[in-house]
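What follows is subunit A paired twice: with subunit B in the first complex and subunit C in the second.
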Partner chain A sequence: MIDEELVQLLTPEGERVSHPDYTSTLNSEEIFALYRDMVIIRRLCNEATSLQRQGQLALWAPLQGQEAAQIGAGRAMAPMDFSFPTYREHGIAWCRGIAPEDMLRIFRAVTTGGWDPQKYRHAVPTVVLGNQALHAVGYAMGIQRDGAEEAVLALFGDGASSQGDTLESFVWAAAFNAPVVFFCQNNQWGISTPSSLQFKVPLYRRAEGFGFPGIRVDGNDVLAVYEVTKRALENARVGGGPTMIEAYTYRMGAHTTSDDPTRYRVDAEVEVWKHRDPLARVKALLTREYNTKSSAFDDVVAEAESLALKLRVDVLAMGRPDPITMFENAYAAEHPLIEEGRREMIELGVSAGSPA
Partner chain B sequence: MSIVTMTMAKALNEGLRRALERDPKVLLMGEDIGKLGGVFRITDGLQKDFGEDRVIDAPLAESAIVGTAVGLAIRGYRTVCEMQFDGFVYPAFDQIVSQVAKLHKRSDGAYTMGLVIRLPFQGGIGAIEHHSESPEAYFAQTAGLRVVSCSTPNDAYWMIQQAIEHDDPIIFCEPKSRYWEKGEVDLDRPAHDLFSSVLRREGTDVTLIGYGSSVKTMLRAAETAASEGVSLEVIDASSIAPLDLAPMVASVEKTGRFVTVQEAPHTASIGSEIVAELTQRCFYSLRAPGIRVSGYHVPYPASRIEEDYRPSVERILDAVDRVMGFDT
Partner chain C sequence: MFLLPDVGEGLIEAEIVTWKVKVGDAVVLNQPLVDIETAKATVELPSPFAGTVRALHGEVGDVMKVNEPLVTFDVIDDETASNDQVATSAGAVALATNGESVGLNREAVLVGYGVASEEGLVTRTRRRNSAKPLSDPGLAARSVASTPSLAPRTTPPVRLYAKQRGVDLATVTGSGRGGIITRDDVEMALSPGQSRAHSGATRVTGPTTPSRFVGQEIEPWSTGLAEERIPVKGVLRSMSEAMVQSAFSAPHATVWVRSDATKTIELLEGLKKHPTFTDARLSPLVIVALAVCDAARHFPGINSSFDSSTNEVVVRRSINLGIAADTPRGLIVPNIKAADELDLLGMATSLSVLVEKARNGTTSPNEMIGTTLTITNVGPFGVDAAMPILPPGTGAILAVGQIAKAPWVVDDQVVVRHVVELSLAFDHRQIDGALASRVLRHIADFLGDPAVAMIAG
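On to the complex of A and B.
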């Protein structure tokens, strides 16, 4: 255990541990399903990194190391719950059913969107740190007014923990007892900014000061993340108010493909976290406790491989959009400057035009 | 036809009441807007009649007022956010520019950002600092937003309802110095479309173009000029962004001369935009360059000297003399 405040149900070695408040409720098939999710999303993420290195993406924000945090939280959500992500929430997006190629559209720089947020109940990504935490609380206030039994997952990282919007969202969630779960992936680094520059007390303890419970969970333990998030969402749905979850994890890779972490952190630290890998411990558990056959693991690897291949094909097929599309959805209603711009572009022969 | 005389403050209150009655998805949110009725009493009595869930007293955090309104919009609500004063909108600037303005585009049209941000703006009430500013150009510059301003009780009553019904986000600028001035409100039908320039007075020599508090000042200038034999046409650019240029063009093609009036400094301002557009569109009709009467390029001054900062009748008439002095 990293510290005794941490909720952990599975050690890095794959040994189950008991916790006074939480017990894993998942059977072998369900645990295997979480493992499959993590293998696939890691493989897809690596494919995206390769695509960026080959000049096929403008940027990529790898999630490696945070698979358990995202798959555990994503699978804890009910279909009618709604999540508000940052730009690194590929695992959550996968759980919400969003196609991998749609996750990459924004990084391919062919759109500023990518998927239908209302259909998948997963908002479009927010790049400005912390803005989305307020959107999550507002959405939760709408749920209250509709009298619905739904909850919102507000996703952010340690990087956004110093932002005013994040802290304002805590105030509002508490003031209105909003059905929102703040899920903070503390991956220890905000590009080069270490946690030590961002907070002097553990993040989860901030919640108490705002008037709702805060829990620190081993973010690399998918069983623990799942149970802690599931209970917090259930509590929110029935009027129990907000919870903050700090998923204690580590960003194994760079902040984005534009980053060079060797300039600001030491290999020894990365080595320590390699031994806390979120996938290895589940594989160990499945092998030892459920005698999962190696062929089952092989099948998952093969499935991930074929999904990665499909992703590559799909991304390479994404061509340059017609420039006239920049005018679409800039406004909901007619606007003279949109018409003016569209007309000029057609006159210049840049575009043949498109129906409004 | 029912025509009632009321103040602009009351007209806004009545307009908000109609919107709340008409659509259960309309919410009001702001600081001190419930029991107190807002520092200007614009929302007086609305929380009592529509409840705390629809007229929401907010914790004191402007970014959160707008940020949660975004989340409510995604959920299908139409929130009217009150910024207590113009100078307090800046904490919300990030949410307005980064999120409110862009989310319809970023969601490929899936989100409707049908929210209204009410902004008591401009000076003239003898307030201390941060209570008298004119930030409209910041928002006019931002694609995805629309900016409007009312100048009469009738417009206030109708425009606030039209803004709430509109699907794009709207910065709704209220000239606070005119809140207590009375005018006739036609409760049966709106005078004009929300995104219109409005001809307030016909004239033949020079066109004056302004919005908000400046409309009344321009009309007073026109009265004075008329007594001196100069005929001024007055246009209310109540749609600040997008500008409704056609009525301005028609007027300037007739007069050949125009002056813009605003409280904001003129650099990169609405007046500058009007001058550029009219110069381009009316070049062969112009008999003089357009001139901007505006606040000076200084932080809004202490209010004991604010009347020497805000465009006055004298400064407008001086500009009229200057454009009349061009002999072509």
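On to the complex of A and C.
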């Protein structure tokens, strides 16, 4: 991948490359830890896909191919930073300490959330495209007024970058110099819309027009993603204002389990990106530069397998919530329309035992 | 028991495309079982159990309803280790199955779109005689056990079938589950004289052997329905949609030529004796495929498509060579990827693999997309020529007729030669008659002296 605009510290072959602005600060243990994160989240994601195919989840949004973008960004966050995800941010959620089974609850339709956003400093998934960018900027403006030394990570994809909400959030972030980092995973496909249809200039260059810096990073290079995100978050925490990061990556699988990418893209393209696999290059680096033993890699695989099995058991054991509970969290305070719906449902006698 | 899940947010059915396991196979958790095609996607279903496949509840081409049984397993269960137990992978619920009765576990039903257990209901239907699920399974089961209902219980397609055949359903005893009258029951009720409802006074006779049509076996003229309706699905749907799309978007034009292929036949005879080719399946089609690739290398414009969404013509310098294949399931057009990079042996091997897969029904969806040029070989059917329709998104398709001995003029003498008729249909939006003619002439010359053409390049 030869692109002068792209920040890359590790090539697809696992060779280190130098960059004028960024240098990897991580030691072997830290790099191995990132590798472990990526192996585990890929395996958990595959298990979730299988569970969906077996009728145990209503839907799943696979992240395969985007492990480095998510793990690199997730690990770059400080404990008190706050992230606002889409429905595909399982790697970020993993870094925030959220239990895998909790990530799947919303996809099994047993909750509208899955975790306590305050506890993990990670909002619940937003399915409406780009909407969370506004939430993120609003939150960032709030902590700015609190004087907190925290930063916000607004996560979205190339598809959401065409949404009004996202662009509006850029305007607000710039106008108020909000402590927010816009982290866009450009996985090249907005469902079946190729990114070439969405951008007439590279996505990261849009930021300049809004009044803050944009940077494109190799989204399949976990070392580069980590350094670029870390610096952008630090800059935001000390009043430096917003940054937009375009993590240039590829969605190896389907948009969601309801999608069939073979209908709109060719194998040849997928083959090209297979050679840019985010995990393989780190493994190559660890093996060559640090002589990491194959048994260490085997241990990670085994750990991922057991976590996948635990995830399956946990998901199969999830109970059915009483449908009436869906009215409880729509509004913080009582709302006449919601109350009316709730009453009607009680009158109809719908309960957890009824067919959905 | 693995019930067909809703894999795409609110789907009600899916068609079985390929089974990847068979009865008796040992499977591990998440091992691919089957490819299914829904309204949205073709997807692979991984096994929710580790164990042995006891039964597959549908055949390739069957349309299955969501939440119907798909596969029954003998599950490896740590607690009982019994082959008679069918249990979920979590070991939480053990279900006994015997014969047709199926116990469904609510936990196994898709969350969000699940339904209550459907004990006693028809569990598998083909679309052509699909049973409409009853709204209250409990009620249905009770009514079967006690008093007969007013109208004879059957399904709408069987009711229509009976009406067409003049069978009064009140006189028919149902043998289906819960006393439902099946198509077979109607057949049984027919006296031999009634076998054609519309025959009238004069009996029409005809062949009595079944024939194949749209990828399935249909009844012969003498015993079949006066009018039969076949749902458009699977391969038939793909063919019909592709042909309509192409016929009404790409203006077709055709050029054709008769050509002396004697040297092609002689070359093949010679090559078959050579040790390199003893195992290869050499046929004239192999030479034709090489000729098409060679022509495209000389005239890249023929390997093009018209992209109306961007108003551009796309020229491709790599050939995915489509081969129209007559398979038991119907017409499919798998392609050989990067066919232009293949030599004689490579082409022969690729063609035989392609044909083998098409025949066995193991052609993958990926092998059917991205075709750039196509060959349809109508020669084996004993006809001379065809004016084919382009597969959508391709620039040209070559039809090859039979290679037969015919009088041919060589040096002002009439001699017997192996003659073939070739026709090339092309998308006239971007390809004109001059280019198509040059390409076809190139192919004809290649077949006229393939050894020279291959060596000279």
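In this text, the second predicted complex is superposed on the first by the 326 of 356 C-alpha atoms of A that agree within 3 Å, B and C clash if a C-alpha of one lies under 4 Å from a C-alpha of the other, contacts with A are read in each partner's own complex, and residues count from 1 in each chain.
Keep this in mind: a residue touches a chain if its C-beta (ideal position, glycine included) is under 8 Å from a C-beta of that chain, and two chains touch if they have at least 3 such contacts.
Everything numeric here is computed off the predicted structure, so don't read it as measured data.
Using the contact criterion defined above for the overlaid structures, shared-chain residue A:A58 touches subunit C, although it does not reach subunit B. Judged by the touch definition given at the top, the superposed model places A:V137 against subunit B, while subunit C stays out of reach. Legend: residue contacts after superposition of the two complexes on their common chain; A:G349 is shown touching neither subunit B nor subunit C.
With both structures placed on the common chain, the touch criterion links A:A109 to subunit C but leaves subunit B unconnected.
Between subunit B and subunit C, B contacts the larger number of subunit A residues.
On subunit A, the surface touched by subunit B in one complex and the surface touched by subunit C in the other have no residue in common. Residues of subunit A that touch subunit B in their complex: 84, 111-113, 116-119, 123-124, 126, 128, 131, 133-146, 164-165, 168-169, 171-172, 175, 328-333, 335-337. Remark: subunit C residues 2-9, 30, 40-48, 88-90, 92, 107-116, 365-366, 369-370 touch subunit A in the complex.
Touching subunit C in their complex are the following residues of subunit A: 47, 50, 52-59, 108-110, 254, 257-260, 262-263, 266-267, 312-313, 316-317, 320, 355-356.
Residues 27, 53, 59, 61, 63-64, 66-77, 91, 94-95, 98-99, 102-114, 143-144, 146, 166-168, 242, 245 of subunit B touch subunit A in their complex.
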